[in-house]
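Order as written gives the chain letters A, B, C and D; numbering starts at 1 within each chain.
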Amino acid sequence: MRHEQHEATWKQLNAHIDEWVASSKTHTSEGHVASYIPELANAPADILGICIMDSEGNTCLAGDSDFRFTLQSISKVFTLILALMDNGEDVVFSKVGMEPTGDDFNSMLKLELVEPGIPFNPLINAGAIAISSLIAGDSTDTQVERILSFFREIADNPSLTINQNVFKSESDTAHRNRSLAYFLKDNGVLDREVDDVLRVYFSHCSIEVNCTDLARMALVLAHNGVDPIRNQRLIPRRFVQIAKTFMFTCGMYNASGEFAMNVGLPAKSGVSGSILTMVPGHYGIGLVGPALNRKGNSTAGVHLLGILSQEFDWSLF
Amino acid sequence: MRHEQHEATWKQLNAHIDEWVASSKTHTSEGHVASYIPELANAPADILGICIMDSEGNTCLAGDSDFRFTLQSISKVFTLILALMDNGEDVVFSKVGMEPTGDDFNSMLKLELVEPGIPFNPLINAGAIAISSLIAGDSTDTQVERILSFFREIADNPSLTINQNVFKSESDTAHRNRSLAYFLKDNGVLDREVDDVLRVYFSHCSIEVNCTDLARMALVLAHNGVDPIRNQRLIPRRFVQIAKTFMFTCGMYNASGEFAMNVGLPAKSGVSGSILTMVPGHYGIGLVGPALNRKGNSTAGVHLLGILSQEFDWSLF
Amino acid sequence: MRHEQHEATWKQLNAHIDEWVASSKTHTSEGHVASYIPELANAPADILGICIMDSEGNTCLAGDSDFRFTLQSISKVFTLILALMDNGEDVVFSKVGMEPTGDDFNSMLKLELVEPGIPFNPLINAGAIAISSLIAGDSTDTQVERILSFFREIADNPSLTINQNVFKSESDTAHRNRSLAYFLKDNGVLDREVDDVLRVYFSHCSIEVNCTDLARMALVLAHNGVDPIRNQRLIPRRFVQIAKTFMFTCGMYNASGEFAMNVGLPAKSGVSGSILTMVPGHYGIGLVGPALNRKGNSTAGVHLLGILSQEFDWSLF
Amino acid sequence: MRHEQHEATWKQLNAHIDEWVASSKTHTSEGHVASYIPELANAPADILGICIMDSEGNTCLAGDSDFRFTLQSISKVFTLILALMDNGEDVVFSKVGMEPTGDDFNSMLKLELVEPGIPFNPLINAGAIAISSLIAGDSTDTQVERILSFFREIADNPSLTINQNVFKSESDTAHRNRSLAYFLKDNGVLDREVDDVLRVYFSHCSIEVNCTDLARMALVLAHNGVDPIRNQRLIPRRFVQIAKTFMFTCGMYNASGEFAMNVGLPAKSGVSGSILTMVPGHYGIGLVGPALNRKGNSTAGVHLLGILSQEFDWSLF
């Protein structure tokens, strides 16, 4: 995209975003707010907010863009990056695989089938739990603090914190994640204690943000690890490359292939109804719409990204 | 078996048991003592002991028959019976299935495949954990005490106790069982807390006995729930019928079919190398030989039971 | 069972069988006639017939006992026996396993999971197809003739023939069995050509009988391989033992465990709604009731056998 | 890439390609030629050839670039496109899914797990067989002719033909594919007869090409469906987008994720040791190196593409 083209896109974006959000918002009625964590179940079902940020930090905001929510699975992208920075590729990929797969009801089954008993990839729950155990730090507290510092740095927002109600709610109800973690422990994938690893995992899932924070974090990935606003490298390019590849092939649960075909951008969604995506080289995008389709992605959010990708021909292919 | 036939069998048993134990004992070298629980790994690999008890309480003892060991999976037969006595068939079979299946490395996989997410049967680990949660009692302590009382009653031995070292060893290392239990919890199979259920489960697995205790317990099953020595009904016949059916179809892990074909008696084995079996209407049998084959059953023990079944034509078919 | 006891049982059987058949017949409305083979779909849904034969050949007949039907999966018991007589245990159990398991929608999945790629046991479809390939004979025709001769001998009925309409109907629609057979071929389990093996398999499934034929065949198994009427050994006892063990642990599809617990006799069912069972040492039993429950067994037939087992305390445990 | 940049790349490519091919060729010794089809087993194990073609049709050739081989799984990309052109997206995606997954020993298992029984995606064998049945045509002959015409058009080579020896060899030995096809038939995925569908499938797998043909075909995809040499649209852009998305997420069997991370280009490999890939907007690339790694991809070929991607920063992320 040349400069003039960016100008045109930006203008058109700002002119139409409200109407696109409005038309997408009608799709909230097709979905349901995640109910498995009590705290998430309280989110309003009918909202949709988005922030698109360009490389100078200008934002295009629409809908309920100041609604606050927790990162949930979106955090997995950044803990993967931090684990890579802490351990290097070889260590990380001795604990998780590289192959795309959906993450659904039968993910334990998949854990049992893949040789040699490690999770398929770092974005499914089992993989992300393994990644949580790899974050450097003598104690759980240190690990959590390092994660929080790293996320604040990427988001350029020192006020990011963990939503303690969500954290507590997740810890209390996560039988399935606990089952996965003990399974990993039994297979020798986790060096730390299960309770400690899960505390780290639930902590980063419970970091609270808004759409602008998401867009800011995405912007750094869109620019291959350099923050274009502060003009500062925050992540080695190779690790962004790894993260974006996983986002493209398996960032949207069991609808990753469909999203890749219809939107065509690296993205990661969370059960809070949030999606982080980007136009490589250009924009960071964050959105939230808590009503989820049966694959676990924001119904309105996926619809809105479909419009944007179509309208501006953003698909990578 | 008429009286004279019993006399003849008993005479021949006593005449040959030492030689049969001796020849079976050579098979201990083909197996390995269970190593996954540190306390079990200390058992001597080359021993074999057996007790056969007739309906008047006479015993035919041979080999290392006074070696003490923990019940492990053999306890599952009696907790199933207690759960049936506490809850009735309908409640029990709403939490576990009735269908035979092996229990091996891929048991979680099977848990995920069977509808509607309940364990296949009460003798696989997942099923036995579900059964532990069904034992009546306001607290874990009460549950454990009731189990211990029941086992003492069946064994007619008030001195049975839990081996605390084995209990502790199991609790500390049972990542896989913990994973299974949280999976069951997630599927709504367990009404109690996972930690509590596992405490009950590890407690009954850790009850310590010798071959004579096993034979005594088996004798009650051989007589359909009536203790023929004290001439007292201890278990409703229907629940013994249920227990024996499961023992016949899936009491010997993934070698249950092979054992049914070659020995043809209801039996249950444990990773301590113990086997409880019986000649219905006649004898209770308990044996121990800690060296296990790769299916998890005592190598020498299975061999010895093969000889006995052949010699006396004990197979049910 | 002593002589007097037999007399009493036989008398009571004849006195009540009509009423038991009548009350069981009402359960036909809970089931559905198998529809996957067009020829089977034509069977009347509301009938129930039974024949019980004692060791002198006396028969207790009730209901639609002269209805003719095809053996379907019941034939697997006798081809297993013939394959054992032709090849011995070692060869047979190098091609099929010994472990009980249900046979259902996910049987291919199970084929892929069991090591080293052989069917779990000879009574699931995959196992029975493997067994069909083991019947001695230079050509498919010879194999089929030998099977037919053997079945005629066991049933003491030289007029048994293959129902060509059913045979053709099965051959034309058996995509799933063809898929299984090619999978077995790919795994090196079948030495013969897939089309030939399936021709043998569909042929023995299509042998037509009535309840009396079934009872006559069962009688030989009830007497451990000796025909008590002609006083002639037809099958080595060991092979009957093997067959009865499999019938007890996995003869009733995914309801084998339930049937073992509630009826407690070795049995084999077929999708024609037929069941062959026996009271070991005494009676051969054949019945037919085409309406099947969702596990694939005759609804009315299972009900009737439950009454009989209860009434005469026939359960083996 | 601007014009000057292309000039520089092209110059450097031509200057170094021989040395890169030479260093990659040493990796042929780490792999093995596919042996499951006799005809493929005859390919020389130690060769490596490549053709890179720019948008004006200039070629950079190196190694054994005139070796002839069959398309095998690479053909799946173009039959998918033809099926989309014949039927539209809705029909095609009612028969195959959109989600990435590896394709390996357990692909039948996966077929059984995904609801509602359709293959995960069009690039695994089961999916490609389903796609073969969707190619328009009254008869198998017509279908095969239409495929051949389409492939000739894309390759701009009217002399492409089916290698009849390979076709025959595949047809005779494909027990697994036959098993898959009957499984699909049983699930209602195939409207045509299994034998006919497989004839079409084996035919397009057996189309013979060289590296230049592959590069020419890739060039059309690199330019979104327009042949840049003849300046003619051959494929609607949307269908190229779909094909490239699948190539990126699952074109390299169970190493698709690893390849995406290390090379970062849409690609498809075949068991003949061939790989078709492209630099979007610029080059079409075809290579062949018959020695395969254990994931089924050309060892030397994957190595060579790694060098090129690194050297010229071709990764999409």
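In the analysis below, a contact is a pair of C-beta atoms (placed from the backbone, for glycine too) under 8 Å apart; a residue touches a chain by one contact, two chains touch by 3 or more.
No experiment lies behind these values; they were computed from the predicted model shown.
When the interfaces A-D and C-D are ranked by how many C-beta pairs touch across them, A-D comes first.
Listed options C-D, B-C or A-D contain a single repeat of the A-B interface, assigned here to C-D, on the basis that more than half of the contact pairs agree by residue number. Averaged Cα coordinates give chain A a centre that lies 56 Å from the centre of chain C.
Each chain gets a centre from the mean of its Cα atoms; for chain A and chain D, those two points are 32 Å apart. Averaged Cα coordinates give chain C a centre that lies 49 Å from the centre of chain D. Multi-chain contact residues of chain A, defined as those touching 2 or more other chains: 106, 109, 113. Residues 97-102, 106, 109, 113, 121, 240-242, 244-246, 248-250, 254-258, 260-261, 264, 266, 280, 315-317 of chain B are the ones that touch chain C when the two sit in their complex. Chain C meets chain D in the complex at residues 105-106, 108-109, 112-113, 175-176, 178-183, 185-186, 194.
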